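Lettered A, B, C, D and E in written order, each chain numbered from 1.
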Amino acid sequence: MRPGYVVRRIGFYVLICAITLFFAVPMLWIASAPFDASPGLGVHWPDWTLENIRKTLDHPYAMHSMVNSLLICVTTAVAVTAFAALASYALSRVRIPGRDALLYGLLLLSSVVTGTAAMVPIFVMMFQLGLIDSRFGVALVMTGGLLPAAIFILKDFVDAVPKSYEESARVFGASTGQILRDVVLPVARPGLATIMVWAFVNSWGNFLVPFLLIRSIDKQPGAVLMQTLTDEGGSVNLQVLPVFSLLFSIPVVVLYLLVNSRYGFRFHGGIKS
Amino acid sequence: MAGIDIEGLATVYPNGVRAVDGLDLHVADGEFFALLGPSGCGKTTLLRTIAGLEAASEGTVRIDATDVTRTEPGKRGVAMVFQDYALFPHMSVSENITYPLKVRRVAAATRLEVASRTAGELSLDGLLERKPGQLSGGQQQRVALARAIASEGKVLLLDEPLSNLDARLRLEARTFLKKLQRDLGITTVFVTHDQAEALALADRIAVMDSGKLRQLGSPREVFARPANTFVANFIGSTPMNLLPGKVLGDGTVSVAGGSLPATTVSTPADAEVTVGIRPEYLTLSTGDVSGPSLRGEVVVAENLGTQSLVSVDCDGTLIGVTVPEETEPAPGAPVALTAPASRVLLYTQETGELLNSADHTAGARS
Amino acid sequence: MAGIDIEGLATVYPNGVRAVDGLDLHVADGEFFALLGPSGCGKTTLLRTIAGLEAASEGTVRIDATDVTRTEPGKRGVAMVFQDYALFPHMSVSENITYPLKVRRVAAATRLEVASRTAGELSLDGLLERKPGQLSGGQQQRVALARAIASEGKVLLLDEPLSNLDARLRLEARTFLKKLQRDLGITTVFVTHDQAEALALADRIAVMDSGKLRQLGSPREVFARPANTFVANFIGSTPMNLLPGKVLGDGTVSVAGGSLPATTVSTPADAEVTVGIRPEYLTLSTGDVSGPSLRGEVVVAENLGTQSLVSVDCDGTLIGVTVPEETEPAPGAPVALTAPASRVLLYTQETGELLNSADHTAGARS
Amino acid sequence: MTSATAPARGRAPARDVAGLGVGRALGFVAPAMLLIGAFLIFPALWTIYIGITNYRLTGVEAVSPSMVGLSNYTKALNDALFHNALWLTLLFVLGSAIIGQNILGFTLAWVLRRARPVVRRTVEAFTLLAWILPSTVVAYLWVAFYDRDGGTLNSILGTPGTAWLIDYPMACLVVFNTWRGTAFSMMLYSSALQAVPPSQLESARMVGASGWQTLRDVVFPHIRGHVLTNTLLISLWTANDFSPFLLTKGGPNHESETVPVYIYNVALQGGELGYSSAISFLLLIANLLVSLVYLRLLRRRS
Amino acid sequence: SDSGSGDQDANRNADAKKVELTFGSNSVKGGKSSAGATFIQDVLIPKFVAEQKGKGVDVTVKFQGDGSDDEVYKQKLSLDLSNKSGPDLFQIDGIWVGEFAQANYIKPLTETVGDAAKVDDWDGWKQIPESVQALGSYNGQRYGVPGGTDGRVLYFNKKLFQQAGLPADWQPKSWDDIISAGQALKKIAGVTPIQINAGTAMGEATTMQGILPLLVGTGATVNSDGKWLGNTAQLREVLDFYHQVYSTGLGDPVLQREAKGRDKSFAEFAANKIGILLEGDYFWRSVVEPKEGVAKMADRDTAVGYALIPARQPGAGVKGQDFVSMSGGGATAINPNTKFPQQAWEFLQFMNSAEMVKESLDGAAKITQRSDVNSEVLKSDPMLSFVAEKVLPITQYRPGRAEYPKISAALQQATADVVGGKSTDAAAQAYEKAVEAAAGGKDKVTSN
């Protein structure tokens, strides 16, 4: 047993290392290029400098766009979480006919209606609603797109909350609102946190919606700004871009770490079979 | 404090299962009442219908003479302890206990006071700041009880409150629960599938099967004179022997190749019956015996502590009999079994109903 | 068939818990051996270490005189039945039973034959094509047994095989299991936290606590003369009374405001001891009694079927005593308790070890 | 309800656990449905409508688009580039989702199941990082990884000058998307594996089953449902994934032009919104068909 | 016309004392065309505001900068315009003028401003050469005022040329001269002799810095008399040339397929790895520019040579020219739905005044739309003077028609096919099919 065991242990660690490397190596660029005096689209040992960071901080819109991103994505994440929580709770606890078909249908739609063609109706509608050039409007559109999958995933979390909690509160005379506030929400918190991160991450990288719906440069989020970090011929501005990429990644990573350490980042995503 | 009156109650699930099926029941004020039955017989459903968590499909539920059939659970004045306790994992013990008061917007100061008083009654002092996850099973059960008591319901409903505890703890909790109920005097309905628990705790027991009542009576009645073979089979810590037999004219029944005395008043001779006799009421002798008896050979013996359960093969039928410790015969030994007539129960073979039902109590007191 | 030898065995979990802590044990060939102890005492861990599912941190395990401490579970020649049976839900009964053979690439025809033979032995004929989900708990348990038997291990390990069955079924399965083991004669180690089960089934019992052995002996020995207060408290279907007392010179001990006779051979007078006496061995009288006795007042009575457990408050201490059915005094009644000296056990107050240990068997046979 | 015994007074308490009642439940669902209706269903329907016109964003057709019936669809059916895009999407889904993410995700979940927490957390962190980084950033990471001159891949393999994205565009995308999406499968399978009773795994071990036998006989039958659900979700997401555009823009010479990229190119470069809407709808139909097959499989197996 | 501003009074709000204008541009500070955005925001707008204040008008001009891919910018602008909103003035690429006009997104300036004389009498027109004015025109009408323009030449690396024994003042007279120079360069190890953009990955760069300059060298244009170029002998000549370059190792076919291939070609040229490169003056100004360029060449002025693009053979070019070139550029148009058409026109004039155009350069040399400015600012830069003086007179512009993007894509595809190994004939046939579909019928395509 011993030799076999050792071989298996070694095999295990080799596999683990290989997989970790596979995931880590592509990230080298973002770790090196921001601090490289001559950044390129390749990875090499950097010629250390902080000049790029200064350049990025001096960029007229870089920092501001991060604030916009935060505004838009926090709104989106909160709205998605709140609405999805309400909807998934009702769908989980009350038998509504055709519920599962509805969920699958919406999920299908949401993965398709992201293309450029759909932007025409969305634009026209937002225009009629007077929500052009509004960060709130952008958040609304993103919320609509993310909700189906959020409900789909969150319903599994809510399904996992023991029903006896609510029943027991109900026997004590708690109203629906009290049950939600005192029992269901606190218990489903890990799920809510996960969904919030997920919604945040998804809206964080969205370029097309804010680009088309926002007019003022000082309202544009970072995802849009990243597209503009080029010169007149379309070549990438390699001094600002890597640093900005790094900065732009920090909020999602921080949020993830926060949620992961507090609740554990878990997914029951549609695992009910 | 209040009684519960149930009339013609039926609860049908959306899938068409009639989990409770036309039940009439009266629980007296201050009574400790047990609902007993095998898994799936509808005990939980009945309890939940009383609580209002399931809607009655037919019939009425009255608590304290008020019809509550259509009342919201929170307004029926009942308190309930769930099988999994349903303690809120994110609240401290103290918050859990006083949650019913918080719902009613009782001031925080009063709540604290109630929490510490109730915790004192249930020996939970010192645990008030813990979360449920940091408590042992027995402590959790007491917190759930404390919460139910703090809600000041007129009726306490308990759904298998002991089944999550380990064997030793269960015995302690049993005694504790019985004493608590006696002290509070609160009307209590208690669901269990463990007959020993029901016997030990209840003032009266309702034995259910498939949503229907099979017997209603004191532990003694239910144990000594099960009204039918279903109850007979279900009650008792060793399984009752239920054997096909035939009534003989002479006050005996022939069974398993031998015969036993029986009160055959109401039974015609030659009637085919099911003979029921508890292992505890059979006497095993290794020597000769006079009078009606069964003869057979010992198969195995199981130690029950102060007693042993011996399985005897009588003419191909295995019959259980208890003997005091240290007196078990060796496997293979020939033995004879006898029983007092008052302990031999006769059931019809068709419906399984008790036949020699004349004079319950006289029969039970041998 | 084969014996099991365990020497200085310790199993330490990665989190540092010494779940099995320096254990020596010998299970004889063909023996039905029970591991008994409270939850978390390391029973499962010991069983799993024997099976090879946990690696031993120290010591050796020998099966059939071969050191298997470092052998893969599949190559130790042991079969195991898990608490949840671990039947594969997607395989039919027949496929489940013969899975061990399939793994060893035994031909399909042979497998079929083994399946039908084993199923016959365990009265599973007719169920071979069903899926486990379509079986009752008792049937599932038998399938799991059949699978273990079909794997032709030299040793059978059972981890709480009865605990998932409901109360009634458990009793039946118990008898079945005992008979099967006797017929097969296979060395069997059986884990349970239910003392009644261990007493009923085992040839010998090992009582464990915190990874250590607390007593090893036949059911009778363990029941009648628990080697320490831990075992005393753990064994018996009603909890043993364990009371602080003091040895008096005259062959009695003073306890709970009264006195009881005791075999005080090896104990100096005035020694502070813990007095242990089972409720079953105490006699309750409502009238006057002569000789050493305890006096008190009845608090509650719990029905145990043919007996009742009465709690008596003697000088502030609750003492349990069983009385035959129908003879319970009313709560509040003054009563006296007596006991034979041979049944009164004395333990040191410091270590809780049995004091009057002279002549075990003589003491046990009253 | 039997009128004889049932009192007429009052409404029955709600049947659900929380006493919500259907009315309030609908109220809870309403805000979400409103947003979904406005920003998902309505645009979807409009898109379907655009699909039967020759609408463009500029030119004459922008002012007065005309109904062209199903001609956009017949055009698609004869469009070699669309066929190419469909085929590439199929390869992409098959390679990166059905095989790549599934297998790697499962392997990770399986291997990490009993790994030490430090190891587990580290590997998970990298995997998840790949999943949560914004796609614009990720695109640059991979361009740098595959780069022909200074690219990490060439440095590692010692193959300077190999233009991976040109010579093996689809393979590159498959690897990229596997990297990008494995975290989801890993998390899903981790929770699925927790549902496999350990005693069943140990039973298999007790009878001496090999690792592969254990997987085949014990694990897979248990998580079959999860495998299907997971495959469905990641297939859909992959089929609609636009990030290939960020790496290759569909090139070289349409060799990596999956359907979403093709739709984008048709809509933006060509300006043909009507046609691109029709293709979007065809993609929706294809997705629907695939989902139905999955759901059917799911139902049959469970 | 029955929609848009046709019914509106062009003199609406002409006397407003409080005016708000929005200026839309695909440029942004710190990003794409940063200098342009900076000029508009920091110089042009304040100066205009000050000037108007002098007239007693309180003007606010908002700059709406984007700085994204041209195609996405176009989509966004189109969405705005189709909803009758959008900025009051906006910059668009010259080749969009036609399709925007067809969609009524823009109107002839005379119509928007309402007064033909007012528009036509602007003295700025005289300084803008006819050929440059075409950038903002469609069907002979002015829709906008063009911005600067550019011209394409053949750049070559003098250091490599010296190594290969080629002259420092190289000026090929025919395509064969290019090929033979390439063959000489091929002898130097690690050098790609010729880079002429090809393939779909480089998008419009392939058309502008590849096919079209070659095509005009055969005497053809992509659209003549309203008909699009089909599978003609001239096209096949162009494709043959591509074939010759990329199948004989003179060019690097892999580079043509890379998404970032054009950037890569810049870097390689700067690293002395490319001998001959067809590019616009942007390459000189912004790429190999010694201080700020994206692929700086410290020795640009001595190391980089430039020559006119020859016709296939002398005299074979369009209009019988010996040398040819292509140019592009943008125009600024007025939104027909603006609230302040008169003020917008004033802004447009102000913006294109000599003074502002000069200021927009901020001291840098660049070819502007105005000849008077050019002659003044280009003096310091021999290369740009060369373009203004030698290239602009012989240059051609792309047709501003809605179908053009698809024709361009088909041309790119044809080169991709050839570079990828297809035969010229097959590529040309596939091209013609695509063109017929894009143009809407065989009759709209020339073929021989």
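One rule holds for everything that comes next: a contact is a pair of C-beta atoms (placed from the backbone, for glycine too) under 8 Å apart; a residue touches a chain by one contact, two chains touch by 3 or more.
Chain labels with UniProt names: A = Carbohydrate ABC transporter permease; B, C = ABC transporter ATP-binding protein; D = Sugar ABC transporter permease.
The model shown is predicted, which means the values in this text are computed figures rather than measured ones.
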Both-way neighbours, i.e. chains that touch subunit E and touch subunit A: D
Chain whose mean Cα position lies farthest from subunit C: E
Chain pair that, of all pairs, has the most C-beta pairs in contact: A-D
Subunit B and subunit E, separation of their C-alpha mean positions in angstrom: 92
Whole-Å gap between the CA centroids of subunit B and subunit D: 54
Multi-partner residues of subunit B (each touching 2 or more other chains): 14, 52-53, 72-74
Subunit A residues counted as touching two or more neighbouring chains: 41, 95, 116, 120, 167, 170, 227
Residue numbers of subunit E (touch at least two other chains): 72, 75, 79, 260
Residues of subunit A defined as touching subunit B within the complex: 95, 162, 164-165, 167-175, 178, 182-183, 186-187, 189
Subunit E-facing residues of subunit A, complex: 41, 59-62, 116, 119-120, 123-124, 127, 132, 208, 211-212, 215-217, 224-225, 227-238, 240
Complex interface listing, subunit D residues touching subunit C: 116, 197, 199-200, 202-210, 213, 217-218, 221-222
Subunit A-facing residues of subunit E, complex: 27-34, 36, 62-69, 72, 75-76, 79, 83, 85, 260, 262-263, 266, 282, 286-287, 294
Residue numbers on subunit A that touch subunit D, as the complex places them: 12, 15-16, 19-20, 22-30, 33, 40-44, 83-84, 86-87, 89-91, 93-96, 104, 106-118, 120-122, 125, 140-141, 143-145, 147-148, 151, 163, 166-167, 170, 176, 179-180, 184, 197, 201, 204-205, 207, 223, 226-227, 241-242, 245, 248-249, 252-253, 256, 265-273
